[in-house]
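A short worksheet on the structure shown next.
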Amino acid sequence: MSEPSRILRKQIGNFLEDFVPGQTFRHKGGKTVTEGLFSIFTEFTMTTNPLAKNARYGRAYGFRGLVVPPGLVMLVAFSQTVEDVSENARANLEYVDMRFGVPVYVGDTIESTSVVLGVTPSSRDKSLGVVHVQTTGRNQHDEVVLTYERKVQVWKNDVDITVVKAATEVTPVPCQLRLPAYDAAVPYRSLAHLSNADTYFEDFVAGDVIEHSRGRTMTSEHIALTAMLDNTSQVHCNQYMIDQNPERFVGGQLIIFGGIPFQLCLGLSCPDVADNSLGDLVYTTGRHSAPLFAGDTVFASTEIVATRDLPDRPDLGALDTILRGHKFITRDGASEKVEIFYLERSIAVKRRLHYA
Amino acid sequence: MSEPSRILRKQIGNFLEDFVPGQTFRHKGGKTVTEGLFSIFTEFTMTTNPLAKNARYGRAYGFRGLVVPPGLVMLVAFSQTVEDVSENARANLEYVDMRFGVPVYVGDTIESTSVVLGVTPSSRDKSLGVVHVQTTGRNQHDEVVLTYERKVQVWKNDVDITVVKAATEVTPVPCQLRLPAYDAAVPYRSLAHLSNADTYFEDFVAGDVIEHSRGRTMTSEHIALTAMLDNTSQVHCNQYMIDQNPERFVGGQLIIFGGIPFQLCLGLSCPDVADNSLGDLVYTTGRHSAPLFAGDTVFASTEIVATRDLPDRPDLGALDTILRGHKFITRDGASEKVEIFYLERSIAVKRRLHYA
Amino acid sequence: MSEPSRILRKQIGNFLEDFVPGQTFRHKGGKTVTEGLFSIFTEFTMTTNPLAKNARYGRAYGFRGLVVPPGLVMLVAFSQTVEDVSENARANLEYVDMRFGVPVYVGDTIESTSVVLGVTPSSRDKSLGVVHVQTTGRNQHDEVVLTYERKVQVWKNDVDITVVKAATEVTPVPCQLRLPAYDAAVPYRSLAHLSNADTYFEDFVAGDVIEHSRGRTMTSEHIALTAMLDNTSQVHCNQYMIDQNPERFVGGQLIIFGGIPFQLCLGLSCPDVADNSLGDLVYTTGRHSAPLFAGDTVFASTEIVATRDLPDRPDLGALDTILRGHKFITRDGASEKVEIFYLERSIAVKRRLHYA
């Protein structure tokens, strides 16, 4: 190779000083949900809701076919924002008010846009600050499938640049869970054996904590799963980079993309709380409490905070829950439980009287 | 979190004393075969039959498209029964008289039901007994795709409960391999190059043993594959549980779900015996002879026991075979062959005169 | 098992002395591109071209849906030839003049044929020689999707057989990249945010070398990926075989099928050079320069050799590039860069004036 004119290496993503409240990102790519993506993720999470496994059941319920689970809807919409919003993030701080809209099916294409709501420089560390965005995912018919806010801690590129705290008014995005209507003519009872018999709305008691019985050990599979979501952040897939400077990286090894335990905890909870759900209403707040690595085993629990009516839907009720994911580490020869994920989650659940 | 009212942890599955001859299970979930599931499993097995790889070939032969291989049909139907039948099993003893029915295609939904045929307490160990079930898988048109019997060794929950040996009459399930008719107008010869030239019915000699040339090393991939089949038994995916008490678990490590070597051995045999097959007729009996772990390499061989006519199908013949899977372990510094799988398998194979 | 009449073990593939110039192979199998295969490979490569991710974008551009990336077209066509051409190869020497034809979509079936162009015994080692073939992949409508030549070093079965150098005239296969026509009525600008803004034809300067920023660590996933392409060569998937005789095998461990870094390097280059490409025109020459193993991290760079017009397509331009893949090894405590892949690649890229 003759001497090149220039050797280029692009900088990817934005730094703290690049974000301006009111700025809009129309994120790159978009993503069509194929049967490949659908099956790999739905099964990885070990979800048990027949809407995501059995097309006959889904169609009987008035959906067009297999229903993409809310966790996967979230991941497909969220992952498109990573390059623009959190490529140069130090930590994901919080998801806020994540609301689901129209159902998503195999074959749908989701495209995401984000608005910068605010930028807040850190008072303690002048190389960091918090970026607050609102992200909305829409399908090919321009219907909203998901909207949420997110706070993420982002590095400055130039430590000496002054970043002023600023914010803009958030314009709420209309988004409400849309489900097929209840139809008394549908033989729901003939399908009731396909889901658990003891997880209808009437079965839940506020105050209960359900420890979900299944654990799932993570392997290096996370690398391919993360790429499948178009999240190419190097801390998930570039071991060579970690090896050059292990002290710089959390755990000195590849760290698992938070979206993966997010989905997995949703799936692990399914047999106990979401088998008879028709959808998730809202994730009020969520955060990743501790990192996850290949070799860790993920567990989950759900606390039933409240049960309440859904005015428009007498056939359903809402469960307000807290989903917690955890793992165990060994400290001083003893096993110590460590929370890795926290999600305040409201679920729309079928009432037995109407469906079973 | 305030002090919970109750901390719940559900018990999953049935114990020996829960089974009653005549009892019927309509298993949960059901499963629609997506292109994701299809491709991952079909390719994992390294099957070479063009019916499962080439839709042009499949349609020319009168099928609707890519044909789901019998091993995957078995897995999809079988896995749905695990929670109800073998969640608390100590060992899978035997598959009996597994017969295939109508073809299965991508997009089909399979749902399984089981009938308890018998319960036999162990004479040697009062904490165990054998449960004998008959399972049938049907598609969305209520056609039978598969039926079989299974014997599995199950734990008691309460060792002191007396379980009486009991059985019920088995009502045979009508199920016969259904294939597209032979059509002399179809240019089968123009497709003959797509399969092996030396595996037509006329090529097989009773008494031959064919050692299949390919081996396949298993990795931690088995965890995701097993979840994809809705088998969430913890011995396959929860390393933390194993680590707490390694002596209790076979091999002190995650054990691979038997359905995986079952499928893999079928695929490894394909180039030598099933490339020119239109389907498997029956698995008379099958068992897992030894456990399999990540790191093991799987091999297979097929013994041709007999060749016989198929009265309704002069264009085909039946091969009665024994498929054996094996691996190697090191004992005293030497490599020792260990059988891991045994299956008496009858295959419907094309006759050269009609097809090539 | 009674004493078998015969124990058979088939020899697979051809040896040097089996190849005759002019000989034609109609390879076995064929392959229908399912959504499973499509998603797993497209995402594994971390490609960012929206034609392969976003069906809305693909259809707006006049394609029928998601477009199978050229790397995957190559792999599907190539892998079918392995058993007949390179089962007993020692090394893959070179790909030559690989030209792409009609677009490939999910649901298409690709079947490959090869013609032996020449056989050249080695002057240095009488157990080896070079086989030169021309391979063409066609879809179910008999349209050419890909054609290329390949040189591979193959073992003799019988070292004492004399193989004479021979060749035949190559009959060129008509094959040219076919793309939907430019249509000024299509609102391309409304889609421009879905790809990078700085990778239009006008942005490239001959002489530049672009170091692609992403690296991807390989894991044991390569075994399943390789089987998914019907390449069952044992050096990729049979660890037991390697363990019996580690000195005989490169690296003493499973070696990764070259098609995998081939695809991965194409994907890693995408954000910087092929985001706004409508297809690859030709791979003039390509080779695998060093082996790749699980645990290695793959990087890539693209040298822009030249930019030129495409006479029939004023809306596009051609980039002539060299794609190089590399990894790092540790030698004497220092990190050493090792080239693993080399490809002279011409890409058809959109012009900003027409599309953005």
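Letters A, B and C name the chains as they come in the text, with residue numbers starting at 1 for each one.
The criterion applied here is as follows: a contact is a pair of C-beta atoms (placed from the backbone, for glycine too) under 8 Å apart; a residue touches a chain by one contact, two chains touch by 3 or more.
Only a predicted model underlies this, so the values are computations on that prediction, with no experimental measurement involved.
A.B. asks: Between chain B and chain A, is it the same set of residue numbers doing the touching on each side, over half shared, or a different set?
C.D. replies: Different: fewer than half of the residue numbers at the chain A-chain B interface appear in both copies.
A.B. asks: For the Cα fit of chain A against chain C, please give the angle of the superposing rotation, nearest 5 degrees.
C.D. replies: About 120 degrees of rotation relates the two copies.
A.B. asks: Taking the mean of the CA coordinates per chain, how far is chain A from chain B in Å?
C.D. replies: 35
A.B. asks: Taking each residue of chain A in turn, which ones touch at least two of the other chains?
C.D. replies: In chain A, 34-37, 39-40, 220-221 touch at least two other chains.
A.B. asks: Quick check on the complex: what are the chain B residues that touch chain C?
C.D. replies: 34-40, 43-44, 46, 48, 50, 53-57, 66, 106, 193-196, 205-211, 213-217, 219-221, 271-272, 295, 297, 299, 303, 322, 327-328, 335
A.B. asks: For chain B, which residues are in contact with chain A within the complex?
C.D. replies: Chain B reaches chain A through residues 1, 4-10, 12, 26-32, 34-37, 39-40, 107, 109, 111, 140, 220-221, 223-224, 227-230, 232, 234, 237-241, 244, 254.
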